[in-house]
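Written below as structure tokens is the structure these notes are about.
Per-chain residue numbering starts at 1, and chain names A, B, C, D and E are given in the order in which the chains are listed.
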């Protein structure tokens, strides 16, 4: 299956064409084609994953692949443990020359390695679930078939991007995915805001794509080929000049910032929520936005050398990741729209992944990508289910939700699991992956980023609790009678909830299960990264911070108490309390410093800056371009260039007019001019000839 | 069928339209149906000849001339009737034939304002001869004749069937191009006299590669050629005729103008200017690159300021031709290949855009973006085709536009050695920024026209969706855009040999 | 040493003289009011005169009589044929015009044919006296023809202006010729003058003398600043006469210049080349610029013919450095210019018959009312502008070729001026085409719609030349190449 | 030789004065008479130069025919007898141009023929005689002669055609 | 006898003729001035003929005389025509055609 993994992207592509042609006339108007195709791809992806695991296990002398996995998960003898012999497991590549221009060949092909297999599995799974989910969510939509056609096209292009073995194919997939997001965001393009959001999304990502394009060109001329494996190999061996690598990685980072909504090009993501929720779930949570991170992971050697990540110095990548975490989390606080909260949360989590890559935590970042896809998709689909059957398609938590716990138990519990996973509480997936990133940051002497990570974790936990409270607890503020969503919606939620729980175990470092690392981390052409040992203190600290976040938010929202009750229940707080005798002083600290600040100034300020400064800047660029365009057209084009040409024509006309006066009509005046010229010319000839 | 290979096939392809024109002129004005059928049959026959050429074309040495004919024409001035096509000329020739067939079908039942199908179709056929001839000519004077032959029909087409301000636009169009071609003729003559065995023959001149000429004269001659072709492309300072010509031209007129006529300029650079005067080409390349990049950015900026849909598309073709010229300016085979591909892609895509603009105008009889809206609501298929073409035009990978722009930007990174590398890399960055601007104005236009609700003015108007002649005319073009986008090797296989020949010639002459 | 008289050499002139007398006498014997018989007789006479020219051409031997004063070589034969054909078309064009006018018919053709006789004599004249006499014989009948419409003050004005400037110019020319006669030591024959010029020790007076002689021809060719008479005379005189003036008598002037420069002063080029350079540049520019703003079609064609005269002078201005090419260029340009201009004037006459007005506005919508005339007029005008595939491009091309073969700074600047001028020229030529095609017909028809038979034949002949030569210029090019006597 | 010189100068002065009067006189008939004086002077000059045939032709043809023609012209156009101003508005520029031209020509002539002399020997007489002129006229210049005959015919008929009153 | 004296006399006559043509209003007077110019040419020709001892100049003079006569004839006819239509031979009145 590995060798012909190209089937996986092909199936959705075929279903796209089929739906376009015959979709309207099918009984379920194209839905069955979409679901079927993606389902088949999912199965193929699992088979591919299985074969890849077999390949890795076989190579590392382990016994049969899956059983090893089985034992690992059930916590049997905790796996043979210890470092597996570093055995190079080459990715399966297959391709042929696509076209040839001058002495340069462009080939198309697939390169399957751990990362690809993981991505295939995630993309096909989430896409399949979204397909199933949309059959009922999008029921009765005017352009139902059109929606499914594009979903298939999106899945096909995402898969094309993932399996790409050369940068050009990656760029093709990258842009096609951008196109699908443009069309899907603008799915209900009747209302102007939707259309604007779609255009804004496409343009901002397009700005990033310029960086990607130039990065690819620089890499092509530096490494002499588009082939990713070759580029990585040359980067690792240091055959490419350092300056070239710096330039290339800077440009590629531009692409990542654009696509994965990192600071400052993140403003399009919240607006993209204008699209239908399944779209937000699939594209703006699980798959497309992580394309940037995937690019970072896939071409990691370039970034590793380019930003000299192992040197411990603060590099740009980590910095951007960090800032995005803080900004995303901060902004999530002040949103009343549940999807906007989740959007900012996605931005923040993507910040984690980019920071992870930035600090050398390749496995952790990819693992976080893996887990995040599940619980973020779950949260979005949950939000969708809430709006679908709870608040009549409104996403405003304050106005139309609250107290849905009683009416929508399945959605409630799945949403709870998702939030806990996102907050990073112990048994759930989020904890393992986020903790891994913080641990690596800590060990690679990136203490600054460790702190940033912790603050982020705290804020994530806080705003998720707020969100859960506003949606599910308190009285029902909306009108109409909320009811549980139909099975087609709840089943995907349950499946995703399951994954949100179990996914973490694949790489639970606490339980020495390193399966994920073994399977996914590329061994060929990859910089040697040291993997953090699990140490209890760090994990505990992270967990504590998360719990603290939940408690703070819980106290404020659930009990509507001031913060005074907190110290009684929390051991750490009690230790702190005994330390700070003046209780009043602590409460004051809570009142205005932490809770006040969180709810008050910082959040609102950051939202204000976000809207005015950053979003304003991005819109400003657009309107600025229009003004410059107007100037260029009116003044430069019409006046200067065109004016000159017309001026020339008019002046020739005028000289023509003047000459007409010379033709006076008086014959003797003609004779005068005749003899005058004879005399003058004779004089000239006489003077010049001797 | 060797008569076909020995030059008769190509002569047929060139002069069949004129024969059709004569027949059309013979038919009395009243029998419009007969006229239309004759015109359609002629263009289809020409296309058949074109396909014949394609089939019998020998693909493993696309470099040298095929279907050659070399008869005496005016031996007083040593100018011969020397025609032949290679890898570069064949695709453009086919492009011109396909576009003309599409135009004839498109205007089947709605001819522009002063209803005179006889005159209109006669001019279109004459236009096709001019275009086919220019691409097949291998003799400077023959090239000049066909190059100028194209002017007359387009002048009358814009002038008679144009919009309100048509007279100014048609005369401006003609004067610009006439001025350019007058100087070009001077350069041809200079070339004729300064080459050792006085000849107008392009292949012989290309072999000589201007080695008899000292640098300064080469540059002077190149100046004439540059002006002649740059005005036609159009490049930055000489482009002001294009928006006016397009805004006023009838739909079919601007389709042919955009799809094929602009390519005469760039084809001229690749066929004549570069191979014949390589040293001068090397000196001029940075300047051409600079003007190309200015064209890209300037064109895009002007697009953002447009209120008329057709004028916006016109400026967009100034920007796109900037990419083509950037590809040529690098003087590498990689760049020129991208340029030739860009020519064909731009021809198909902008041709389609102008068809769509024409259809929109025919339905809403306005092109004001402010008054248009909600096209997807009223004519969904038309709306989505417009979306498809806008995406192709902004260079979305997977469609033809991308393989024209991206390799051009890629080639700008590494121009022929001897050319200033840093400047070309700055050009590359600006060109990449150009793609964003392109995305900007095209999506902005698409959003204004297609998305949203139809304006109250047209709320109740019955807007019919795409009907038969439009479908028949457009499907081949759309299929070609997708085919070239998905599998670009269709075209690169043809052009690669020929372009490598040209590029090696230039490199050898400069290097040697 | 009584020379064995070679009558064959003189055959064309003799036959034409015979025809002239026949036309004169026929008109006396059976006077007919509508003048059709006389015009048919005249055209027959011209065709008969064409026969000896063909026999001479077939014979092919160069003949020289009267000590070299009268030479019949390829150059002379080619141009005699040209003049006779132009005369034939002029007669066709004027047949109906004169017929319908209330003027005295008889002498019109007599005067026309005598002027043509002068042109035939000019082509073979190889000495000062013959050239002078031939030139006068071309001019004097046309002075009268210009004033043919006796009761119309405009025609009188045209005649007096043409006469006065003509006589003055010939006086200046004579003065120049007398000086040359004196300086060259009593030589009248151009060949002898050529030897003297080759000697090169001539005083500055010789250069001035050459210039003064050229003034006579500059007037005939209406080169600036000796062109002032042309627009007024063209507008005033009857249109067929204008056509005759703008083509035949102008060609006569060019033949004179060709003969006197190539056979006479060729070696003294530093004296006549700058003069011709100045005349050419001035004529092109002034002619084209003034034509931009004209509202009357005939006045516009007058300035256009001044400009075209300038274009023909360009090769002459570089003759020294490229003798063969420039001679060929002038001859070919004359042939094509003749066809184009005659065609244009034929259409002007046809349209004037319909709309009774010479204004360009009256051409509005001609494309719809009379499409064939519209197509023909556009073809002739755009051919004058030099747009391929019409014949004009080859004329312009051959001119540019001569300029470039000469090379040198002066020649190239003249080439660029010519290029710029051809662009300016396009503007007013297209102006008329614009009126014909882009505007709707204004006034309704004032005259008969049908185009008379003779006029149609004339239109067909010139249109044939313009289209065929445009596509396959080899015919004229061959003749041009043959005609070069060097 | 001196006699001819003296004769030349007397006639030259008379001719010059008469010429100036022609172009400045206020009476048409006077102008015509002065013109006739100039013509006769010219004929005399030819005789001095021993070109007797041309001198005689000049006398008869010009003085006889052309002068008479002018008088007819004056009569037919009913020119007023009393003196009137016949100068138009461009008198001064005309004077300037003609003086400039005169200056240039004289300078050139002096430069070219400054010291040339005509010696009036008797073989010169042989050239001027009628038989020499006739002989050359009908041997080398026959064609111009025939052409002139056609020219005179054309001029005659042309003048009559347009002067008729019909 | 100096050749130049004839040439200068002829130049003088020529320029007086030029002045006459440019400055005189009446058509007949202008024609007279033209005659002056042609006579100047004749003097030139005959003087040169005598100087170079060749009969050509005199024959040229003869032709000039005859053609001058023809020209005057036609000239007067045209002036008569103008007189008849504009009832005055003045050339100033003749300026309908201009521009």
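Convention: a contact is a pair of C-beta atoms (placed from the backbone, for glycine too) under 8 Å apart; a residue touches a chain by one contact, two chains touch by 3 or more.
Note that the structure is a prediction, hence the values are computed from the model and not measured.
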Using the touch definition from the top, list the chains contacting both chain C and chain D. A, E
What chains, if any, are shared contacts of chain D and chain E? A, C
Please flag the chain sitting at the greatest distance from chain A, going by CA centroids. D
With centres defined from CA atoms, tell me which chain sits nearest the overall protein centre. B
Chains linked by the largest number of contacting C-beta pairs: D-E
From the C-alpha centre of chain A to that of chain B, how far is it in Å? 40
Between chain B and chain D, what is the gap in Å from one C-alpha centre to the other? 72
Suppose each chain is reduced to the average of its Cα coordinates; what separation in Å results between chain B and chain E? 65
Intercentroid distance (Cα basis), chain C paired with chain B, Å: 43
Can you list the residues of chain A that touch 2 or more other chains? 649, 660, 663, 665, 667-668, 671-672, 675, 678, 682, 686, 690
Multi-chain contact sites of chain D, meaning residues that touch two or more partners: 88, 90, 93-94, 97-98, 101, 104-105, 108-109, 111, 113, 141, 144, 148, 151, 155, 158-159, 162
Using the touch rule from the top of the page, what residues of chain B touch 2 or more other chains? 175
Pairwise touch list, complete, is A-B, A-C, A-D, A-E, B-C, C-D, C-E, D-E
Within their complex, state which residues of chain C touch chain B. 328, 367, 382, 387-389, 393-394, 397-398, 400-401, 403-405, 407, 415-416, 419-420, 422-423, 426-427, 430, 433-434, 437-438, 472-474, 477-478, 480-481
Contacts from chain C onto chain E in the complex sit at residues 128-129, 132-133, 136, 140, 143-144, 147, 150-151, 153-154, 156-161, 163-164, 167-168, 171, 174-175, 177-179, 181-182, 185-188, 231-232, 235-236, 299
Going by the contact rule at the top, pick out the chain B residues touching chain A in the complex. 172, 175-176, 237, 239-240, 298, 300-306, 332-334, 337-338, 374, 376-377, 387, 391, 396-398, 402, 406-407, 409-410, 413-414, 428-429, 432-433, 435-437, 439-441, 443-444, 447, 450-453, 487-489, 492-493, 496, 499-500, 503
How about chain A: which of its residues touch chain D in the complex? 668-669, 672, 675-676, 678-680, 682-683, 686, 690
Considering only the defined contacts, which chain C positions touch chain A in the complex? 160-161, 164-165, 168-169, 172, 204, 207-208, 211-212, 215, 225-226, 228-229, 231-232, 270-271, 275, 278, 286, 289-293, 424, 427
